[in-house]
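Below, chain A partners chain B and then partners chain C, in two separate complexes.
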Partner chain A sequence: MSGTRLPAPAGARLDRTRPLRFTFEGESYRGFTGDTIASALAANGVRVLSRSFKYRRPRGLYSAGSHEACALVQLPDEPNVPADRRLLADGMTITGQNYAGSLARDRGAWIARFEKFMPVGFYYRTFFRPRGIWRVWERVIRKRAGLGRVNPKTPHGYHDKAYAFADVAVIGAGPAGMAAALAAAEAGAEVTLIDENPEIGGALTYGRFDADGRAADEALKRLAKEVREHAAITVLTDAVCTGLYEDNWLAIDQGRRLVKLRARDIVVATGLQDGIMVFADNDLPGIVAATTVQRLIWHHGVLPGEVAVVATQDEWGYTAALDLAEAGAEVSAILDTRDKPSDSALAKLAEERGIEVLSGWMPERAEGETEIERISAVPVDEAARETEEPRNIECDLLCVSARPTPAAALFAQGGAKLPFDPARGVHLPTDLPPGLHAAGAVNGETDLKRVIADGERVGKAAIAGETKPARKTAKKTAKKTATTLPPQPMLEHPEGKSFVDLDEDLTIGDIRDTVALGYQDVQLLKRFSTLGMGTSQGRHANPPGVTVAAEARGDEIGQVGLTTARPPLAPVAFGTLAGRQFSPVRRTSIHRWHVEASAQMMVAGAWLRPAYYGPPDEAESRIQEEAVAVRRSLGLIDVSTLGKLELRGREAGAFLDRLYTFSYQKLAVGKSRYALMTDETGAIIDDGVVCRLGEEHFYVTATTGGVDEVYRTMLWWNAQWRLDVDITNVTAGYAAMNLAGPASRESLAKLCDDVDLGAEAFPYLGVREGHVAGVPARILRTGFVGELGYEIHAPTGFGLDLWQAFMRAGEDAGIRPFGVEAQRLLRLEKGHIIVGQDTDGLTHPYEAGMDWAVSKKKPFFVGGRSIDIMRARGLTRRLVGYQIENRDAPLPKECHLVIRNGEIAGRVTSSAVSPTLGHAIGLAYVPPELDAKDGKFEIRVEGARMVEATVVPLPFYDPENARQEL
Partner chain B sequence: MAEQRTAKRRSFVEQRLGRLEHPGASARVGLADVSLRPRLGVKGIGTIGWMKRHAVTVPENDNLAVAHGAAMLVARLSPSEALLLDTGGGKVMERLAASLPPHGDGGAYPVPRMDTHGWFRLGGPDAPHLFAKLCAVDLRPEKFPNFSVAQTIAARLPVIIIRQNIKNAPHFHVLMDSASALYLWDCIVDAMAEFGGVVEADTDPRGDD
Partner chain C sequence: MKIMDCPLNGPRNISEFACRGEVRTMPDPDTASDAQWADYLFMQTNPAGVAREWWIHLPSSYWFIAERDTRTGEILKTYPPDELFKRPNRPMSSK
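Moving on to the complex of A and B:
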């Protein structure tokens, strides 16, 4: 068929002054601004949009409101695009999905011929024998799995997230939702009204609630105007609420933005969702839900067929038949599955229009090559089928109004129950938790006036904080009606497939077989058959699926139950979940200088630090040159990332004594001491330096990656001990740089004249406060790299200028900036450990050879008792220095294994070629008995080669410490 | 002879980014780096006492701020911590800083907030909408009254946000880890593009409320 565009007032969403061009499967088409992909294709007579998941059957638009798999299409950079929701854009290139060759002639459609070999759950029972066969099948199955194709070259899209807040959030801007929002807003609440459509109004924008259609128009006009004009109502359109989480936290997908809304109360007014009518080949393109036909007409001005048959289980089908007839289609018949003829005004009007109504009839089978061409209709009643001849009716559109079900998944997510209501033949929400409310059709109401009244009632209840279960209304009504709706009729035909789940290609027979195999529980049935596990998450499939299961089990529908509905309610793009990601980055005040000096930056915790200066292909030589410069003359490294803590108060010294392994109460003002921290198990967790700046004032450094934990640990212990000490983390407040090398004193003197830098006046481990380049600074004489050196800590705001001043002052000495890699090399030569690299989560000080850093006189420090116990038990490993005499041997890497007698005996923690010593050195854990000079062990390096190492005493370089104590 | 006073204090964004352009003012949302304005932290059990001794106005409760004269904003972060921000220029901050030695005064200790924290100022009617993209606290004017203080997370970064009306329009002072100032700057600049936000110069933002 060819699609027909209808004149206004049909096509309310269209801007017909702005035509758009696009291609589908290589063919050029035209649409209008406001079209969806599906509506534009329907207007051009294109019915087949994709191929089905299992049998590769041609599929087209069925429901425009339930996110099902039939209408998923492929864009160049985006798979699985819902054609019924995505707006058409000029120049769009669209293709179908899940086919080989072309959509019209799918080379993979042969698989349908082998359906007998693919019964439900066949993959669980087929591919595990003979042993190893899965590897063969896995490739085949993975190739066929999924629908769209991911383009790995897809450019990054911009997605972000936003928080939102409301007193009352109303989900669904149909008549009940709008009424609820207005009632709550009138009562003083701040309301957010959320709807997945581009406009508010819901079913009022396309539905016909009475014979002349005036009731919907009037209600829409009034409610929408009041909502728009109410200052307390915020409207979010094109917004799909995909999840309801704890404490009334809603995830709302607005395409490129994920809105995270927290509301005091939530009103769910999501209305009804289309059902599916089950008969043979009920998936042919051209079989379309009644609401979809009406959306196409009223939203997009598209008449989706010329000769239509309407099959209905309720009054809604009559409204669609009237809309079709008034839009110019020939409606051949209305097949009403109910055995009693409808006496509604709608039915009468249909008959007045000359539409034949067949009560108690339904389609038995749809026929057509790739889209519907005719149906064969039969009486629903089995006995009547014996006497009545099937009627074949030619048509190019079968408009289906199956029993709709409340869109109630959010209630399940929110903790409510969804028992089956036999009076209405659907599952309705009960036992709503406080703050969650149901309004309108999800409550079982279908009459427009009652829907609006229910919305008003619930809106007022929400603001009043009432938590009456909405089900009460339903229960009352159920008692009044005191009837039980018969299950939806379903028909099978030997020459066709009667699908209950279009997403997963599941038929009536598949569900019966699943139950027969023993998977009777609804949760098992779902997992074995995959019922409801497709794109629409069971919106269409669950009611007929559960009905078939109940029949197969010999139970009532209510006893079968429903599967658990979990977020997300609708498919969410990975980009929406992922972006925009926040990953805080810390930069030192000297960062820009480093980058301009060609530093290769490395990540250290959240910090960026220079690894070395120069191009990556010269990394090795640059690192060695930087190290040599420090040994021979002068180097400068940015150590601003070091943790820095101020401890002040009368008991600050006592606090440090309890927390670190050394003693500090007697440390003189102007002195510093190494600080080693262990946890309660005695394991080393951090190290640094404690500087005493005053009687009650200590300045403590910690490792770059460890300071936050050290700070938390300090606060925690101080909360236990309640000592008179104030602890402040000032890490970012001080830029720090280490001026190291034989020329450092001379160079520093050029910038500092209020501190006596002489060797006696300012000895190793001394701390002074003065000015450097006019900036107030704390100067520490440290020796991490084993040379005469000064660590200068100055306010961060001056960091960049201070660094530049040092670089100028050191020009004569050939100053060279050095990075973390050279520093690691230099400290290794000096035998200093790096916590976290040379220690692990179990290393205690004696294993690391740090006996010297543990006070034997203190009555207590954190971890002290554990260390004593482990020491008494005897060491099981020891960190030792080693060297490799064979200069041709490959260089071990960190974590290469120490092998002894063919067994793993330890591991390497640090390894480098020392430019100073001229051979490879390293640190490794070895058995304690190997901790002897000239002890030999082997290291297994890459390629399983063995390298012999010799234990040597630490430090490797300057064992008398003469250079750092100059 | 030592090289004297060659070093210059630079803002944390400028230090890391280079020259900062100030394209002008926006009617919807404006962002200014005011990190060079003086500020001081005071911490310790003697904090409130020290403030009273030095005639600094003390906010009634934690997470509240108060204007101290026309030139200073005082935010109380906890029973034992306060943040003093120079919002209008003048010498009062300098005087106060000089009166609090590094080793403390009666249980009150200085915290170098001038260097530990960067300081941005955001204004304009869309500023709360901008924050909604970064921060889970509801900062809309009706929910976050003047002089409210939020110690929270924005763009996964700990921040202190203080509302102060300037010329009767809500403005927000945002203080963050100075090492992450450029990171947050980039996040805000990105977030405010949607609202046509611009970077503004640090002009005298004297509060009038």
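Moving on to the complex of A and C:
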């Protein structure tokens, strides 16, 4: 059929002065600004939008806004676009989904003929034998089944996140939602009103609530105006609330923006969602939900058919019939599944218009090639079917008003119950937790006046902090109920398929088979049959599915229950979840200098540090040169990233004694000592240096990556010990640099005149406070790189000045800045471990060869007892230094395996060629029985080659430590 | 997202907090058997009911104690550690 556009007032959302061009399946079409993809296609008479999941049947728009797979289309950069919600844009290139060849003639449609080989759950039943066969079939099936195609070249779009707060959040801006928002705002609340549509009003924008349609218009005008003008109401449109999380935290998807909203109270007024009527071939394009027909007419000015049949089970169908008739369609008949003829004003008006009403009738079968062409209708009552002949009615539109269900998934997410209400024939929320409220149709109200009144009541209750829900518990409701609404009739026909789930291609028979196979519990039923697991998440499929299951089990519907609805409620793009990509880094005060000196920066914890200075293609030689400069003369490294902690207080020393393996209470003021931290299991977790600046004042360094955890750990222990000590993390407060090399004393002396730098006055491990280049500084004599050296800590603001002063003062000595790589090499030559590289989560001090750092005199330290136990049990491995004499052997890498007698016996943790020693050295875990000197072992390097290594005592370089103690 | 009531900072998003496990009493390291010590280190009580746990508010590095019903996830109460740990602190062994 060709599409028809209707004049105003139909098409309220269109801007007809701004036409748009687009293509679908290669054909060019025109639409208007304000059209959705689906409405523009409907206006052009295009009905087949996709092919179905399993049988590849042609499918079209059924209900707007329910996310059925039927109305998902493909854009070049985006699969699974809901055509019923996405606005048309100029130049859009749109294609259908899930077909081979063309949408109209799907080369894959033959699959439907093999239906009997694809019973429900056939994946599980077919592809598990022989073992491994699934891998073969998976490729075939994944290619055939599924939805759109992901384009891996899609550029990353802009997505961000917003954080919002409200006293009351109202989800759904229909009559109940608007009334609730107004009532709450009037009572003084800050209200956020959220709706997935481009404008507020909900069903009032397209629905007809009385014979002349005036009630909806009046309510819409009044409520929408008041909402828009109310200063305390924030309206979010095009906003899908996809999840309700703990403590009233809402995820609201606005496409490019994910709003995370925290509300004190939440009113869910999400209204109703379309059901489906189950009869043979009820999936043919041209079978459209009544509300969708009305949306097409009133929002988009599209008459979706010229000769229509309306199938209904309530009064709503009559409103759609009247809308269609008034818009110019011929309505051949209204099939009302209810036996009793309706005597409402609507029904009377329909009859006055000359529309034939068949009470107690429904379609048995829809027919047509790729779109609906005719239906055959029969009486619902089986006995009547014996006597009455089926009626064949030609039509190009079957407008269906099946029993709608409350859109109650958010209640399930919020922890409420959703028992079946036999009087209304639907599942309604009960047992709402405090702060969660239901209003309007989702609360069981259907009459417009009562819906609005319910909204007002709930809005007031929400602001008053009332937690009493409208419906207390399922039991109380059940008792009051005298009448039971019969389940919706469903019909089958031997020549067609009666679908209960359009997304997953499931029929009445599939659900019966599932129950017959023993999957009776609703959760098992869902998982085996995949009922409700498609894109619409059971919105239309659960009610008929559960009804069939109940019948097959011989139970009441209420006994079957519902599967658990979980977030997200609607498909969410990965980009929305990812948001903007932030990777914050910390830079030292000297960062700019490093970059100007062409340093290659590397990430170290949260920081950027120079790896080495110079171009990447010279990395190896530059690193070696930097190391040699330190050994021969002078080098300077930025160590500002070191963790720095201040501990002050009467019991600071006692505190450190409990925390670190060494003892510090007797450490003299002006001295420093290595600090090794273990956890309660005795494993090494950090190291640094403790400096005593005063009787009650310690300055402690920690590793770059470990300091935050060290600080937290200190606070945690003292939360229990409650010693008299204040602990502060001052990492960012101090710049630090290490001036190292034989020329360091002379060089420092040029800049410092208030500290005696003489070898005896300021010996190795001494700590002094003074001024360097006029800057107040703490000077530590440390030996990490194994040469005479000074670590200078000064307030961060002076970092760059101080660095530049050192570079100038060291010019004579040929000072070179050195990076992390050279430092790693130098420390390896000295056999110093790097926590986290040379240790793992189990390394204790004895196996790392650090028994010298463990005090044997202290009564207690964290990890002490565990270390004692492990020492008593004997070592299972040992960290040793090794060298490789063969200079032609390939250099092992970290984590290459130590092999003894063909078995894995350990691994390499550090490896480098020492420029000072002229051969490869490293650290490795080896079996403890290996000779501590000259023991041989093999390392398996790349290409499964074996390299022989010899254990050597540490340190490799300057074993007497003479150079650092100069 | 849940809200946790920090005794120092008031109600904050749970993502600002980290848990360090149950509040446990260290046995005397000098007198405890290896088995008792191992039990202390590695065996959590993990009750189906009220658990008393260490939590930290990360931006402020503030440690406190929370009581939580592990069956419902409900945070029953939070309080500063000095309600449980008072000076003089747990006696250390005197080797």
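Throughout what follows, the second predicted complex is superposed on the first by the 936 of 966 C-alpha atoms of A that agree within 3 Å, B and C clash if a C-alpha of one lies under 4 Å from a C-alpha of the other, contacts with A are read in each partner's own complex, and residues count from 1 in each chain.
By definition in this document, a contact is a pair of C-beta atoms (placed from the backbone, for glycine too) under 8 Å apart; a residue touches a chain by one contact, two chains touch by 3 or more.
All values reported here derive from a predicted model rather than from experimental measurement.
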| item | value |
| --- | --- |
| Contacts of A:A441 with chain B and chain C, given as first, second, both or neither | neither |
| Which of chain B and chain C A:W607 touches, first, second, both or neither | first |
| Superposed model, chain A: greater residue contact from chain B or chain C | B |
| Partner chain(s) touched by A:R712 [first = chain B, second = chain C, both, neither] | second |
| Partner chain in contact with A:D247 - chain B first, chain C second, else both or neither | second |
| Contacts of A:V767 with chain B and chain C, given as first, second, both or neither | neither |
| First (chain B), second (chain C), both or neither touched by A:V191 | neither |
| Partner chain(s) touched by A:A164 [first = chain B, second = chain C, both, neither] | first |
| Touching both chain C and chain B, counted on chain A across the two superposed complexes | 260 |
| For the chain A and chain B complex, residues of the former touching the latter | 160-165, 260, 580, 582-589, 591-592, 606-607, 640, 646, 648-649, 693-697, 726, 728, 730-734, 749-754, 771, 773-775, 794-802, 805, 808-809 |
| Residue numbers on chain C that touch chain A, as the complex places them | 1-3, 20, 29-30, 32, 34, 37, 41, 54, 56, 61, 63, 73, 81-82, 85-87, 89-90, 92-95 |
| Complex contacts: residues of chain A adjacent to chain C | 245-247, 249, 260, 262, 658, 680-681, 711-712, 715-716, 719-723, 729, 858-860, 864-866, 869 |
| Chain A partner contacts - residues on chain B that touch it in the complex | 1-12, 15-18, 35-36, 43-45, 102-104, 107, 109, 111-117, 132-136, 138, 140, 143, 155-157, 177-180, 182-184, 187, 190-191 |
